[in-house]
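Below: a set of structures, written as structure tokens.
Next come two complexes, and both contain chain A; in the first it sits with chain B, in the second with chain C.
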Partner chain A sequence: MLSIKNLHANIEGKEILKGIDFEVKAGEVHAIMGPNGSGKSTLASVLAGREIFEVTEGKVDYFEKDLLEMTPEERASEGIFLGFQYPIEIPGVSMVNFMKTAVNQQRKHKGLEPMSSSDFLKLMREKKDLVELDAALASRSVNEGFSGGEKKRNEIFQMAMLEPKLSILDETDSGLDIDALRIVANGVNKLKSKDNATIVITHYQRLLDYIVPDFVHVLYNGRIIKSGGKELALELEEKGYDWLKKGVDL
Partner chain B sequence: MEKDQDKILNEVTQGEYKYGFVTDIENESIAKGLNEDVVRLISQKKNEPEFMLESRLKAFRYWQTMKMPEWAHLKIPEINYQDIIYYSAPKQKVTLESMDDVDPDLKATFDKLGIPLDEQKMMSGVAVDAVMDSVSVKTTFKESLAELGIIFCSFSEAVQEHPDLVKKYMGSVVPYTDNYFAALNSAVFSDGSFCFIPKGVRCPMELSTYFRINAANTGQFERTLIVAEDDAYVSYLEGCTAPQRDENQLHAAIVEIVAAKNAEVKYSTVQNWYPGDKNGKGGIYNFVTKRGKCAGNNSKISWTQVETGSAVTWKYPSCILLGDNSVGEFYSVAVTNNHQQADTGSKMIHIGKNTKSIIVSKGISAGVSQNSYRGLVKVVKNATNARNFSQCDSLLLGDKCGAHTFPYIEVDNKDAVVEHEATTSKIGEDQIFYCNQRGIKTEDAIGLIVNGYAKEVLNKLPMEFAVEAQKLLAISLEGSVG
Partner chain C sequence: MSLEEVKVEPKQKFLDIYQEHINDIKNGSPDYINEIREKAIKQFEILGIPDKKDENYKYTDLNNEFDNGYKMYLSPKNIKFEVNDIFTCDVPDLNTKVILLLNGWYYDRENLIHELPGGAIIGSFQAAAKRYPELVKKHFANYAKMDKEGLVAMNTAFSQDGVFFYVPKGVVIEKPIQIINILMDEEEGFTQHRNLFILEDNSEASIVVCDHTLSRPNFLTNSVSEIFVGKNADLKYSRMQNEHNGSKQVSNLYLHQERDSRVNANTISLHGGLIRNNVHVMLGGEGCENTTTGLYLTDKGQHIDNYMYMDHAYPNCTSNQLFKGVLDDFATGAFSGKVLVRKDAQKTQAFQSNNNILLTDDADIKTKPQLEIYADDVKCSHGATVGQLDLDALFYMRTRGIPKKEAKLLLMSAFAYDVIKTIQVPALQERIQDLVDKRLRGELSRCNSCQMHCC
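== the complex of A and B ==
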């Protein structure tokens, strides 16, 4: 569903992504690991279409379409979901209102009628239970005053609401306590199907015990320097990144 | 509410000024220009009693001695007062018995404006007085209100039918000497609404006036007078629109409110005069004097306003808190976009003991507009135990617009507690991207954020107008980002 070829991207004239290649097929789970500042979040943002990043080279196909030509909201409506590493607060806008607008705009994009209020509230309730999100959070302003863990859980809740085809979860595990981690991972697993795919960005092998990846990629200094199966994550946990950095030109 | 918001947000994309049509109705106008004869002619056309003519002439003579004020944060080209038509009325009988008598073109205008003049909308329980250009066209629900002793009619009619009340209250809150535009209005006002709630009566429905400027080169100078006797209650709404024209049009209104003992008056405004085009051409100059007097003990006056229109807005709805324990409130959302300029705020004058006031002002600036809050909280010596809380927030869209806050505080009583808080925020690129990433278009994201920001004020509006106001906010900010 997703094919990335030789992707380069800049911010403020500085090259962050220096030629990324990889492919994601329906039903797969990919994990991206790598040291701080290596470009993981940048890759996620570029895939989601954040305009502060400038794509200077390369090609990204998403279901045979040129992803880079699409606006961020088109990408979202076409099924790309980004779980933010640092979810954004939007004071004054209730979660209910926010989600309803999102759900209905995505439906509109697909040529569907807006969801009725009662159906929508039912859906909210169902998905809220799935990630065991505190009911009170759903009636508050988007992420405003949420604790770090609550914000992450809220990201998964939104993912559940929007039922994306390709989810990119940027360090959704960081800041979660052990129970929350299990709940979030369960949520992700329940939403998994043979038609959708997930990219999890993480620093910890622990998450991958719950969400078992088919592939693990190591991103370093804007490039994928190693790819492997789930055992690569274990190896990284044990050895760190230094052994991989050797022989990579900076 | 949620559903309405969706609907509104969907409408955002069709954003141009929706109310910019001109109705082709024959108008009866007098020649351009202003002098004593014109003042006499207006009075004569309206068949006014002697006291009205006298009061107009006094105001006119006073106005001639005055100079138009200047403001630090408003840039206003010189206004040629001789180039304005001071009286224009749709050519038709002014007193109408039923809807069938209303000129179909005029009715179509009001339909376009969404004014609930027709029977079906009357069911929604809003009594409406519509003022087109200068003349009040139709007051619905008059009879059922009359049964309660409530008078709700055009100002001209009040002058004819209730001269004693007009004489007693007109100018008692805003004297013609108050300011330049108050003097001008007092000299040439042509119509407006009059509302009187007798002792002990709670008005069972919202009363509403719609103002519309239609004819070219016309100034609109309307006057509203609301009187609530002891223990009375009324909620009043004013809506304003104007056609799109290249030249600027002048609007200088006066609103006076009197609240007696235990009385409460809520006054809500949704102001959507034509703001001019994207390049700052055309638009209404809106210079309005609005003031309420909490005359009796325990009385309360609330101003709620949503200001999205006009090229220039100059307006400070105020409360004089004369009665002990009286309460004044001011809730405002003022949006400026493109080249609009707004200088608005409130004055709370604490005179009685234990008086309370609250000011919540939410400014939203976009484009190259300038948005200023200017407020005065005054506590006189004998106003023991006075309390004021003011909250002035500014939201900026883009970095070419300006927001300014000028809070003036004059306190002559040691017990007074006057608090002022101010914040400035921006809609961040990250907030917009977050919304985009969930499938929400930028325009709609702004609509969501802005309505969220203004919620505290919008919640004060009567339900049906809150929806209208949300829609207006979104529409007036259309195209302001990206």
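== the complex of A and C ==
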């Protein structure tokens, strides 16, 4: 599904990603861990197409297409979803209008007719239950006045609405209490299938108790310095990152 | 011998026109109006047309704009057109009686005055001045002060017609009254109409005013509207400006509010070459509420200048001002808003805000909110912002599959909605929303025919 080769990216001339390699296949869950400033969020942004980052080297193939050539909206319509670490508030744009535009633009991209209002509202009702999102939030402006937990649940709600093939969840667990974390993780797990894949970016092992990864990668200083199975996350929880940093050529 | 022409100042040209056509101008107006006219022309001679040296006109040099030699409409020259051919007014719930002004003159010359149920009156200002002298005398030129504004003096000297609207004590006009200002001619024209709206104590009315150019030539308008809102009366006033790029207009709105009255006034500037809106509000009694909002969408070489003066003269009044604008291409604009809280106006609440989005590096806006407070127990705030579209929000929307262009439109529409939602005529609110969205999409690039069904 996704193949990243020797990916380098800069922001304002400063190199953040210094050669990333990894592959994601359908049905897999990958966790990317690492200390602050290691480049985790940059990787997520680059995959989603954020223009402030400049890719200087490397290649990203997504279903045999050159991902880096696509605009953010094309990537989204081709099935890539980015769950934001800090979801953006958009005053004046209602959740309903926002999601309806997104769903119908993605349908347009696929050559499908726009969804009828009644079908759309039905879909919204169904999906918001998945993350126990308050119905009142749907009539409010996007993320405006939402609590931290509501914002994160709203990300998963959007993911459920858009049914992506590859979801990249950037620190979805940060700022969540244990109940909210369970709801969010539960939503992600219900959306999991053999045809889609998830990349979970996190600081903490605790999210991985709920979303069990097939692979764990440790990102440090712009490179993946270790990859392993889910047991690697437990080891990191116990020992921290220092043992891995030793001997890494910086 | 020098062949150089002596440059005649535009002020002098208008003074000469006044003297030359004094009989035409005075003809049709009663003596009490013509007496004020004489005072006004003297005042105009002193003040002239404001130029950039005038602090309040720093960003809009009107002296230049008035130096044009456009034809003036000193008598009601009727251009025959079938109203129904041009206007398909499908905004539901508006009063079926549509009032038209053509080049500043009341259009329906056969029926200059209409009496509405409850004793309300609507019709030609010129006819009303003759038929209801006591009523007109009491209010005319009382609120639009000519001691400071040269253009108000000029309008008072020259204007002959416009719309007169009267709502007696306690009468409620259920459906909004719609007034359409049409500019249409085969040559360039300069119009100066004069409106007088009187809402007596405890009355209620809504007024919708639309400005349209229906033919290509350039037009200049210098209009004055005086509105008196009596004790505990309620006025909803919405103005929609939709003229072509060859049009320039100065609109002077003077609102006088009596004790416990409520006014909601919006000006939506959709299109126009040069627009200068002067809004003066006098909160002339305790307990008044005023909401004045404006939305302006400009592109290409358009210029918009909103000037607002809110006078808190009595205690316990509340005013809210919200002006928002989107400027594209190399459009320019200015906002200047002054809130004056007089010494005795304790417990005043006054809020003012001006927010602007510049879509390009060449677009430009000058904004100057001002508070002048002489009372000590007040709650006031003001603020202004000039910015670009929120890039984070744009990216967020794009990651959901919304194309950049659509995402921008959603953001601009949301920005504009803050003003649109202050419009209190529900059917109009929807229509304006639709028009604004179309305008932002660039679908309403010109408006010299009403095929747009915009009003």
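To be clear about the criterion, the second predicted complex is superposed on the first by the 250 of 250 C-alpha atoms of A that agree within 3 Å, B and C clash if a C-alpha of one lies under 4 Å from a C-alpha of the other, contacts with A are read in each partner's own complex, and residues count from 1 in each chain.
Note that contacts are C-beta pairs under 8 Å (C-beta built on N, C-alpha and C of every residue); 3 or more make two chains touch, one makes a residue touch a chain.
Given the structure is predicted, the values throughout are model-derived calculations rather than measurements.
When the shared chain is aligned, no partner comes close enough to touch A:Tyr220: not chain B, not chain C. After overlaying the two complexes on the shared chain, residue contacts for A:Pro87 are found with chain B and with chain C alike.
In the superposition on chain A, A:Tyr62 makes contact with neither chain B nor chain C. Applying the stated contact rule after C-alpha superposition, one finds that A:Val96 touches chain B and leaves chain C untouched. In the superposition on chain A, contact is made by A:Ser117 with chain B only, not with chain C.
By the document's definition of touching, neither partner reaches A:Phe53: not chain B, not chain C. Within the superposed three-chain model, A:Glu73 lies in touch with chain B and with chain C [touch as defined at top]. By the touch criterion defined above, A:Phe146 reaches neither chain B nor chain C. Common to the chain B-facing and chain C-facing surfaces of chain A are residues 48-51, 71-73, 75-77, 81-82, 84, 87-93, 97-99, 101-102, 105-106, 109, 141, 158, 162. Within the complex, the chain A residues that touch chain B are 48-52, 71-73, 75-77, 81-82, 84, 87-94, 96-102, 104-106, 108-109, 114, 117, 141-142, 158, 162.
Residue ranges of chain C in contact with chain A, taken from their complex: 390, 392-393, 395-404, 406-407, 410-411, 413-415, 417-418. By the touch rule above, chain B contacts chain A in their complex via residues 2-3, 5-6, 9-10, 428-431, 433-442, 444, 448-449, 451-453, 455. Residue ranges of chain A in contact with chain C, taken from their complex: 48-51, 71-73, 75-77, 80-82, 84, 87-93, 97-99, 101-102, 105-106, 109, 141, 158, 162.
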